[in-house]
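First chain written, first letter: the chains are A, B, C and D, and each begins at residue 1.
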Amino acid sequence: MSTSSQANTPPSRCRARELGLRHWTIAPGVNNAITDVPGVLVGHKTLIDGSGRLLPGVGPVRTGVTVVCPHAGNLFLHKVAAAVHTINGFGKACGFEQIRETGLLESPLALTNTLSVWTVADAIVTHMLAQNPEIGVSTSTVNPVVAECNDGFLNDIRGRHVQTSHVLDALASVRSGPVLEGNVGGGAGMTCFGWKGGIGTASRCLPAAVGGYTLGALVQSNFGRPQDLRIGPLLVGPFLTPPLSAPPPQNQGSVVITLATNAPLDARQLERLCRRAAVALARTGSVLDHGSGDFVIAFSTSRHFPHWPSTIHVPGELLVDEPLIMSHLFPAVVEAVEEAILNSLCMAESMEGRDFHWRAALPLAPIRRMLEALPADSKQEVD
Amino acid sequence: MSTSSQANTPPSRCRARELGLRHWTIAPGVNNAITDVPGVLVGHKTLIDGSGRLLPGVGPVRTGVTVVCPHAGNLFLHKVAAAVHTINGFGKACGFEQIRETGLLESPLALTNTLSVWTVADAIVTHMLAQNPEIGVSTSTVNPVVAECNDGFLNDIRGRHVQTSHVLDALASVRSGPVLEGNVGGGAGMTCFGWKGGIGTASRCLPAAVGGYTLGALVQSNFGRPQDLRIGPLLVGPFLTPPLSAPPPQNQGSVVITLATNAPLDARQLERLCRRAAVALARTGSVLDHGSGDFVIAFSTSRHFPHWPSTIHVPGELLVDEPLIMSHLFPAVVEAVEEAILNSLCMAESMEGRDFHWRAALPLAPIRRMLEALPADSKQEVD
Amino acid sequence: MSTSSQANTPPSRCRARELGLRHWTIAPGVNNAITDVPGVLVGHKTLIDGSGRLLPGVGPVRTGVTVVCPHAGNLFLHKVAAAVHTINGFGKACGFEQIRETGLLESPLALTNTLSVWTVADAIVTHMLAQNPEIGVSTSTVNPVVAECNDGFLNDIRGRHVQTSHVLDALASVRSGPVLEGNVGGGAGMTCFGWKGGIGTASRCLPAAVGGYTLGALVQSNFGRPQDLRIGPLLVGPFLTPPLSAPPPQNQGSVVITLATNAPLDARQLERLCRRAAVALARTGSVLDHGSGDFVIAFSTSRHFPHWPSTIHVPGELLVDEPLIMSHLFPAVVEAVEEAILNSLCMAESMEGRDFHWRAALPLAPIRRMLEALPADSKQEVD
Amino acid sequence: MSTSSQANTPPSRCRARELGLRHWTIAPGVNNAITDVPGVLVGHKTLIDGSGRLLPGVGPVRTGVTVVCPHAGNLFLHKVAAAVHTINGFGKACGFEQIRETGLLESPLALTNTLSVWTVADAIVTHMLAQNPEIGVSTSTVNPVVAECNDGFLNDIRGRHVQTSHVLDALASVRSGPVLEGNVGGGAGMTCFGWKGGIGTASRCLPAAVGGYTLGALVQSNFGRPQDLRIGPLLVGPFLTPPLSAPPPQNQGSVVITLATNAPLDARQLERLCRRAAVALARTGSVLDHGSGDFVIAFSTSRHFPHWPSTIHVPGELLVDEPLIMSHLFPAVVEAVEEAILNSLCMAESMEGRDFHWRAALPLAPIRRMLEALPADSKQEVD
């Protein structure tokens, strides 16, 4: 099986803000990616193989796994503050209970297809056990955190093609800097608003007066009804209809959203960030469909919580909620997640999957034209 | 003190869809109001008195109370299924714990200003005690449900001007049919996206194939940053700046959303509806600000749960979640709440309040012009 | 109306550990009271008036209010970390939503009867407005936190006899040192396991190796079925039947539990403490009855969060959860709450209330005899 | 590897009530087991192999898997109402998010060791995919529900010895009637209050006047500090000290509790049942330790929810909460879970595990003697 990684931006695609979107108000980081948060690493393993009729267990394969690491060290020994939030719970996310209780993340995050969640979680454990021989012998166990979307419209999802070795490959490939988007990693076979979806990322930088912190988002997009799609200030759904090669899936998919920041936030504050991701979903057109597993995971890289603490106190300081911080962080979350979703749409290329199911890439030219036709941002006269 | 009720639509105002909004896809009810749900009643008591400098405890007064009754009978004896949801909890809502536990509403809902919540709750109890002499003597007590927004920018909120008699007046005035909107009842002194906010309502009717049920919303709007305002497919915030007569309040306000339906839903399903209200907030531009108490309350009129049940079983039937119901109800919630918020903005008139603080009515003409300038809904050619 | 305060321990009563209970393993503080947490203050206002037949709105009166202050200063300006937890939500607690969102308490806590919750909340606001003229004018509003139990078996609860002045009296009377227990303050008319209940308190001190912190509890007890009562290692319910002067209330009451500590915990950790209070309820025999509003509120006095922060950072440090802290704090919560409940039973005297309803004091002599008859704590031989 | 199943009650062991416990007040079902709920099936696969020094990945093996099926049919096509509750979240339970959202269980439940959760979940999916060829092709995916405890004190938990075939064996072995307890299935290597723990079950039957429904519990016990153990009315922890062959694990373990009933309850009501399981934990001595993953899952067999509903309505009726039902069901939950835990302790035999770690069986004779020494249930004279 070929398990190639997408190498760079396809010639016909671009990131969302290159379309001329001007409604965002907060500056992105250097790469406009979750990796703009210092220390954060991302890796993908993309599995694309075969074509034609579905042979369950054989193919075609259109899937993969994406991993996000809060830092390059041993996460079990040096945990980070974290929170989770379930926007709509029709999904199979793993590891949420322990994060709710302890407020800590102790392993890399992984995003994959629905039926591979447990293999991927087990593979993350394999990775953590290898790093930490004392787990399960002289200390507690480890909590992998994995979330998923259903790529079964394109992918032989019953085949559960993501294997342990693929997860280890993804973990071995993590890096900082620009992040591949679109049909890559866990996003390989995803669908968003009837178009080809996938992985997208973005970031925002806070003003120095409120700490100058960075907030990054990475999404695996697989949600939305075509008629509802919004691109920034545009309701484009009624103007653009994706070609339909087969009846659409019964459920409208799902989305996984990961948030990273170096702002010194605790679990309660991170959970508040998570809840704002729903605003970004709405801005792109979601109505939080019944069958959609919409999950958010956030972590702060600002402090490491040692597994073997040397004192009974946590070092360092936290941000206050008021008066300014959350007024900057909440819009930053909304903008970063919105842009990450749009990036996943703008960067994904058309794909044919199982049973000749077809997902067209979101057409960028008409959107660019519609955006150009919008009135300029000069103030209207109010009568 | 004058406590006049707003009599009808002001000449210069109109409801949101009269501006030419065409993005909604689900038909409203006869009055496009929460009262389209059979049996639901609404009453307002508006308190507007005085002007000029703030004399705390004296005035000026710009406040009131709005009540929503699921039916005209004795709610303590004939309860209805209900749910609540806290989108952002920076608020003083009363009565939520018991609804979460029992899934039942047993009193009228009330909406008012922040510092009058407890007086209003106590007044609702006065009303219920008068109806039910056995409460607290031979049976349990009663749980009033009241939520609030902060109208202190215009109103002498420290004065807590809403008195028991005002609540009883509002309860005595409940009616079906068209609902007054704008500067009325609990919405009298509210602010939304920097413009005058207040009470708004709307409804949606489901197709007969999924039961033909009605879903209604009523909101008390007091949230949002001016630059973020969206009107349907338009991002108008950058084009329309409200005049500023004083520094804006430190926190960005809040919103109370009530949902009513005659669909036979249980508490779990109603809670799912509540969560979709956040999508509507986002569609109008909210980022769920830090200091905003954003609360949702939903009830179903389909069945009455007797306080003194004659059998151990609940009569009647419930809707299944799948495959069709929630796919219709969720968009209905989003549309009804979005339209109710826009109605609160479009129907509210300009108001001067304490310390000559001024809230301009949302200017409708430029919005109408912008909407007319949008491209028609014909499909773009996809390249 | 006479509103006398209970002056000291009645001759026939004693605190629970004086009965010979030896099963607790953690040392109490100096007064074995919530006030052992430095800075914490408690005040009561007890309302006992009239006798004989119930005249709703007139009497007999058997009720009151108890207030707990985390410190003697202005709580709005100097907030403390706090959390709430609902064990069973059939109750009317006020102020929980905002604590869940912000993790902060900004007013004294109050405990009272069910139908006086809103008057008491409003009175707390009156107190806070007087202290803080900027509330509602130049800054946000204030969130009172009040919880309740139903004393309607003895008290004319429909009369809502707790007035604003009574709450202000209770606030004016707060003090450190020993805390009055039994038929005092909000506990005046309460019933617990069919016996007279009321206010109880206790505390625990952690070893120096885990910080030497103090944990205190104060309860208003009004729950439990007679046959279920457990006193430490004894199941006494089957041996002791309270005299029954009237049919018992339909619902089995409720309980309010407040926890205070000087351990530097955040809201997430405090919420974890709250959840352990359910263990103490179970140890005294509760099955968390359907109609019981069982609420827990916890705060930490370790840090003050300024309303007007001068920096964007919170000063100071937090405790780690692991490895030792929670293993000491959780048992401390269980022991302190259990002992506080037993103290409320052991210190409350018999009382006649409305309609000649009678609640006997828990008989202490037979319990003392049963405890003395238990085998000594020497180890059994294991075969 | 030998994977024998425990065949029957060991000669030296007995179920808890045979010790002379008389404090329970509700009658058990025929087998005093979760299988007393009509249709419920249980299966175990026990893996015991090797001895001596730990060779991670090799052994010794002391683990297994236990499965609980709400009915014998295809659970994906005929789902049942369900709820989950997290008492303390330091654990790795899978499948909770979807049950919280949909209120439905669509696969067998499984209980196993911590590091085998994901393999077991994946195996459950394998089983469901085989039954349902349309999953992932023409309809949605499936949500396995698996919970775990850490048996690493006795078992080579890093070896993740539970394989897909073992889970399929357990599923193939499900049956009604008596249920094996103690060192069986997922309970093979567990520890409870310092003694050998494992699987336990019990049931309770409601009076005919409240429907005559049955409530069953099955637990996998692995929690508690030795000094805290309570057996019914006895605090035995201070009298019985388990022999210690090695330092105890850092964390105090966890417990999984499953509840089944044929009472027609919805998800909200089932969640209320789940919360009462914490009372049973407390009655046996738990303080809900920091490191304990304490999870509860409940389902009702009363109605089947079709995956492909033929109408938009759910057939049948529900129980009201009041006035009687929950007053019977809540104590039934407490008693059944308490007895199930005690059964797990009374039925488990001593076991040597990895590194010669030893867990003694709870000694029954001294407990029987202590129970016999208790005063009879005649009423004390109250002075």
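Throughout what follows, contacts are C-beta pairs under 8 Å (C-beta built on N, C-alpha and C of every residue); 3 or more make two chains touch, one makes a residue touch a chain.
These numbers come from a predicted model, not from an experiment.
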Shared chain contacts [subunit A and subunit C, defined touch]: B, D
Farthest chain (mean CA position) relative to subunit A: C
Degree value of the rotation bringing subunit A onto subunit D, based on Cα positions, nearest 5: 180
Separation of subunit B from subunit C, taking each centre as the mean of its C-alpha atoms, in whole Å: 36
Distance from the mean Cα position of subunit D to that of subunit B, given in whole angstrom: 45
Gap in Å, rounded to a whole number, between the CA centres of subunit D and subunit C: 34
Set of subunit B residues in contact with two or more other chains: 88, 101-102, 250, 272, 291, 321-323
Chain contact graph, described as a line, ring, star, complete graph or other shape: complete
Interfacial residue positions of subunit C with respect to subunit A in the complex: 101-103, 210-211, 264, 266-268, 272, 305, 309, 311-325
Subunit C partner contacts - residues on subunit D that touch it in the complex: 23, 25, 87-88, 227, 230, 232-235, 238-241, 250, 252, 272, 275-276, 278-283, 286-291, 321-323, 326-327, 330-331, 334, 363, 365-366, 369-370, 373, 375, 377-383
Touching residues (chain side subunit B, partner subunit C) in the complex: 54, 56, 86, 88-98, 100-102, 114-115, 117-119, 121-122, 125, 129, 133, 135-141, 143-144, 150, 152, 157-158, 160, 249-251, 291, 293, 295
